[in-house]
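Each structure below appears as structure tokens.
One chain, subunit A, links the two complexes that follow: it is found with subunit B in the first and with subunit C in the second.
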Partner chain A sequence: MTSLASGSRAAPTGRRRRSQLRRALPIYLFLLPGLGLYALWMLYPLASALFMSFFDWQLVRASPFVGFENYARAFADPLFWRALVNSAGYTVVTVAGQLVLGLGVALLLHERLPLRSFLRLIYYLPVITSWVVVSLIFVYLYNGQSGALNWLLVDVLGFLQRDVAWLAEPATALWAVAALGIWKGIGWTMVVFLAGLQGVPQELYEAAAIDGAGRWPRFRHITLPSIARTTGFLLVALTLGGLSVFVSIFVMTQGGPLNSSEVLLTYMYKQAFERLDLGYGAALAYIFAAVFFLIALVELWFVRRRLT
Partner chain B sequence: MTTSRGRLAVLFVVAAMGALVSSLPFFYMLGIAFESHALVLKQPPTFLPEQPTINNFVRAVTTAGFGRAFLNSVIVSVPATALGVLLSSMLAFGFARFHFPGNRLLFYSLILTLTVPALVLIIPQFVLIRQLGLFNTHWALIFVYAVGGLAFNVFLLRGFFEDMPQELFEAAIVDGANVWQTFRFIALPLAKPAIATVTIFTFLGSWDEFTWALTALQNPDLYTLPVALRFFQRAFGTEWGLVFAASTIAVIPVVIVFLAFQRHFVSGLMLGGTKG
Partner chain C sequence: MQSIGHPWLRWAALLSTLALVTAACTATPVTTPAPAPTGQPTAAATSTPVAPATGTPTAPTAAPTASEPTPEAISGTVTYWAAYDQVGPEFRTMSEVVIPAFQAQYPGVTVDLQGIPYDDLRQRLITGIAGGEVPDLLRADIIWVPEFAEQGALLALDQEMEDFDELAGQVFEGPLSTNFWEGQYYGLPLDTNTRVLFANRAVMEEAGLTEMPTTVEEFEAMMAAIAELGPERYGYAEGGTGAWNVLPWIWSFGGALTNDDYTTSSGFVNGEGTVAAVTKLKEWLDAGYLSPSILGGGSPTSEDIGGGRAGTVLEGPWMPPIFEAQFPELETELAPVPAGPGGSASVVGGEDIVVFAQTQNKEAALAFLRFLLSEEVQLEMGKVGQMPVLTSLSGHAELPDYFDTFSQQLETARARTPHPNWPLIDEALGNAVLEALRGDKPVQQALDDAAATIDGLLQP
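This part shows the complex of A and B:
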């Protein structure tokens, strides 16, 4: 137990290093189960996906090596580009929607309102509900003949002349799913914004009030700059969440109609598990991971440069 | 700031209306779950069923197979949570309290994998469970759920173990305690609040998970709730009363866990990246 945090840290040279390793043996053994399972279920698959992406992977017989063909195929595949554009559209719309509405709700519930904790809880409920359950509820709300949304828009408000099959029309399917994504994410965005708002110095508002600054200038020049870090964090987290959209689309539209709501992950999943084109699926997964990583890096850079 | 009563009243009404709109889909789900007719698709929507009945719940659990699915979800989520929490707290403890060659390297390579979206691994994991003979078993789900949140949990717990006073551990060493005993009898009892957070996240993550369960299971008798729900809706798309009764059953444990551990939720959320 000499290797406990306070123990001596000698320079590792030759025999010293060996004895250091021997003393550390109990700790390695202690960490082994966790690291072993992690290596088997996460690291090995991560490496083997890359390996698979260079093969026309077969489950039962030998898999022919195809080099970069799977990647070349993706870049020449119009449906891949369609899915990429859809993913981008879904992400932009849901990130904007969640940021605006989440901030709005957070500002409201930051005030000393009665039942404040209860209201926060209600807004948070969609966040913890499974994607499958909320997707099924929205399938029902969007029903083309007599769903509640059509009832509201056609019969009550009169905005529309006829019922719309929201999930069966290429023009609306992706955006109908995006509306669910926004609704489900408001609560989480709200909680993070609330934490950010807690850190805004109250004296700034008092000083501004003495100077006679109105509500909007105070929001614009005190609140927004003070929560810039929180907003930056949310921007990155929500973007990555938007790019990872899968379950809602898979359950509600299966990427249809006419690929109008196909996103990167639904396309990858279909190639891999419906067409059993596992090598191509693995290449798509790696392209997705690269896009994901790149966007995270660009956004983090932007957040550091401009927002903080 | 001017916080006149009138202004607060207006803000309260706005906040309450928003909360009502936000929860309408749930009222809708409940209304239909308690509706007596099997085929319920009507307008205008009624949130209060005309003839309330628990018939849908009884049928969902017995004939429609959701009782079995509920049990499967428990069989998978409980061991996955136990294993995931145990392994991640052991790793976090090791990284936090010991100097050993490779400590930082191992910790940071673990953290780096946080940036890999779960679905990127689904194809090779599918090949792996076929090679290991775990395809179409609950083991495939238990292992992947336990390990899926590991990096995040270790990240969350390590800071907690680091903040514990060194004297506690030194006393244990004098008494001749080994690594496991120090962890089990000193560190773990002190880490309860952090362990609670990690337990909730892992349990809810396992309970709600859909895609991997859909991929790793073939036999309908093994389906967990989310997968069973989706297949049932596809097969009997018009039996919305049953679908929503089963959905309600799936949501109840989540709400209970959430209400019971609310406090821990918020602290974990602050650190919680893309979770949720």
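This part shows the complex of A and C:
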């Protein structure tokens, strides 16, 4: 504290600056514990991971410096590209699914309906469940021998001739996990859309109705443009969520079978913590961070330029 | 490539890693051993019976050698991690019988046992090694020892224990060899096991079978008879395509994973015998003899055999007590793996006991380690399915009868490749067999691809 005060005394800006600082001091003091924890748990690991990414990091022994070798390795690693493509596919499907279904549910539950609050609660429930728990439940639903999904599709509806091992089939594993992602995310998307819908002026609909606009034109020309900012926010948030999918994949398929559901974070985790290739894992983490950052920038640009 | 020296490391390494490194460098025991009077073993060390729960009389504990401190002089907490099911019989015996007996003998020592599921244990250990949060003692899968030793995480027990040779002389040679890496022994064997053929007796009777198969041909006939019983009935269920799962067949068909020196896999993992084994598995799968659960995504094989969906499985000696608890109705017949052109071969499993380099309680940890290798403890754990490694207990009357089949199988059972890259080798084999069984690739091509991958992994 004293050093701060004496520092400000030395500054030539004078009295006013000093009294400002004195007013701000308690605020900074209150922020200090939080900032300290942030530095300890976020900045410090970030910095050490960056450092590690330039070494063939060893747990106990001395680590050889390898420069950018870990980064170069990633670009020559077919599984890295596989994980990138899988992550992109997962993200496109889950973002689209959550946006469309979340908006649909929000529109329905925006109407005055009996049991509206109850239904909103029901749709929101999956959001607050534990990822691990629902992932394990979905493993049961998808079971290739006695799962509920096979029972429904094969025995009840007759859509399929024989049981499918949804999570053990390279063609279906990633999409089966994506279905869980959509189911679990609809509620949150719905709540954000509902908030956006509250802000649409009712007069616009009344005026449009007088002009003879039907349901679809009203939705297309009033609702959608009015919630563009909400949609933009959701697009960015859901994309980052999709790219950082981990728990459900790790619990349900471990990236298998045959890497068909390997995504960026599971691949990074495996390199670091299963193969003990910690330097490579750290380099992958930084590459992914750069990818995420770029995608978010492009989306923000798109939202600013085109949606609003 | 340049190696970073100590100043660099100090500047930047994780605090915990640093602590771990320094601890490893200055490995001084925390408790100073008090010299024991030579030739006078203390009373406490000689006469604590281990098995009060069962009431069977037990032999006295081996007297400590002269160089060891007396039990009273040792104190501290020993953390012990083991892949025991928390509600299983092994965990119960360890926590309710073995540890209390040890603590009675060493009043200053507390053993903190943590039963961690097998799949989580490796993860916990790896994150633990990185963060300096590891147990003092670990019941390690034999296949992990080279990997952790290579990381520098384990104490070389042949250097740390004066009585190492004496202890090593009491155990079976095969399990002992799994502790050897780059010229040193990093552990001692704790238990051994292998996989043998289990058959559901009720299913056999339903299919009109009376004899267990001894050859692959007889096994095929058996599977065919069971598959005939109806849809979703299988002769045999296997839990996956990894090395633990398929090596018994590969070896029994005369195949192999690598050469004897573990330097190359070309000509072995894609050689005639291995191709024949995988081709056979695919035939069985396509014919409906082998449950599709081998491809993943189905039920555990224990439920398949327990529920009568499958007639046979390959399982280890820990299974009978578990079957007894989960499927009280189930009666099983045991036999060695059906013999093929390569004879009847199975895969050696088991656990070693290892001490982590940064232990703060080395004396106490080693005392508990010695205790775990005593005849009473080995016998007591044997009763719940953990096969002893002491040669003196071979065929002991108090051990379960079903151990006979396992002992017989162990005579021809072989070890998996001891190599720090083993998890990757295992994955390469598992993926290749999966691709072959799914029909994604012809068997030969899938295994050729695996050979190329594994050859790279075997390079030093």
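Keep this in mind: the second predicted complex is superposed on the first by the 275 of 308 C-alpha atoms of A that agree within 3 Å, B and C clash if a C-alpha of one lies under 4 Å from a C-alpha of the other, contacts with A are read in each partner's own complex, and residues count from 1 in each chain.
Here is the rule we go by: a residue touches a chain if its C-beta (ideal position, glycine included) is under 8 Å from a C-beta of that chain, and two chains touch if they have at least 3 such contacts.
None of these values were measured; they are calculated from a predicted model.
Trainee: Have a look and say if subunit B or subunit C is in touch with more residues of subunit A.
Mentor: The partner that reaches more residues of subunit A in the superposed model: B.
Trainee: Is A:58 touching anything from subunit B or subunit C once the two structures are fitted on A? First, second, both or neither.
Mentor: A:58 contacts subunit C only, not subunit B.
Trainee: Go through the superposed model and pick first if A:273 touches only subunit B, second if only subunit C, both, or neither.
Mentor: Once the two structures are laid over each other on A, A:273 reaches both partners.
Trainee: Between subunit B (first) and subunit C (second), which does A:186 come into contact with in this model arrangement: first, second, both, or neither?
Mentor: First partner only, subunit B.
Trainee: Could you tell me if A:168 is touching subunit B, subunit C, both of them or neither one (first, second, both, neither)?
Mentor: So A:168 only meets subunit C here.
Trainee: Taking the superposition on A as described, I'd like to know which of subunit B and subunit C A:214 touches: first, second, both or neither.
Mentor: neither
Trainee: Please work out whether A:114 is in contact with subunit B alone, subunit C alone, both, or neither, and reply first, second, both or neither.
Mentor: Once the two structures are laid over each other on A, A:114 reaches subunit B alone.
Trainee: In the superposed arrangement, which partner chain does A:151 touch: subunit B (first), subunit C (second), both, or neither?
Mentor: first
Trainee: Does the superposition put A:201 against subunit B (first), subunit C (second), both, or neither?
Mentor: neither
Trainee: Scan A:257 for contacts with subunit B and subunit C and give back first, second, both or neither.
Mentor: So A:257 only meets subunit C here.
Trainee: Touching subunit B in one complex and subunit C in the other: list those residues of subunit A.
Mentor: Residues 48, 59, 143, 145-146, 273, 278 of subunit A touch both subunit B and subunit C.
Trainee: Applying the document's contact rule, which stretches of subunit A touch subunit B when the two form their complex?
Mentor: 1, 3-7, 9, 12, 17, 20-21, 24, 26-31, 33-35, 37-38, 40-46, 48-49, 52, 57, 59, 105, 108-109, 111-115, 119, 121-134, 136-141, 143, 145-148, 150-151, 155-156, 183, 186-188, 191-192, 195, 205-206, 209, 218, 237, 240-241, 243-244, 246-247, 250-251, 265, 268-269, 272-273, 278, 281-282, 285-286, 288-289, 292-293, 296
Trainee: What residues on subunit C touch subunit A, complex-wise?
Mentor: 1-6, 9, 12, 14, 17, 20-21, 24, 122-123, 126-127, 129-130, 147, 151-153, 232, 292-293, 295-299, 309, 357, 423-424, 431, 434-435, 440
Trainee: Write out the stretch or stretches of subunit B touching subunit A in their complex.
Mentor: 1-3, 8, 11-12, 14-16, 18-19, 22-23, 25-26, 28-29, 32, 41-45, 87-88, 90-91, 94, 96-101, 106, 110, 113, 115-128, 130, 143-144, 146-147, 150-151, 166, 169-170, 173, 177-180, 182-183, 204, 207-208, 210-211, 215, 225-227, 229-230, 233, 240, 243-244, 247, 250-251, 254-255, 258, 262, 266, 269-270, 273-274, 276
Trainee: Would you tell me which residues of subunit A are touching subunit C in their complex?
Mentor: 48, 51, 55-56, 58-66, 142-146, 165-169, 256-258, 273-276, 278
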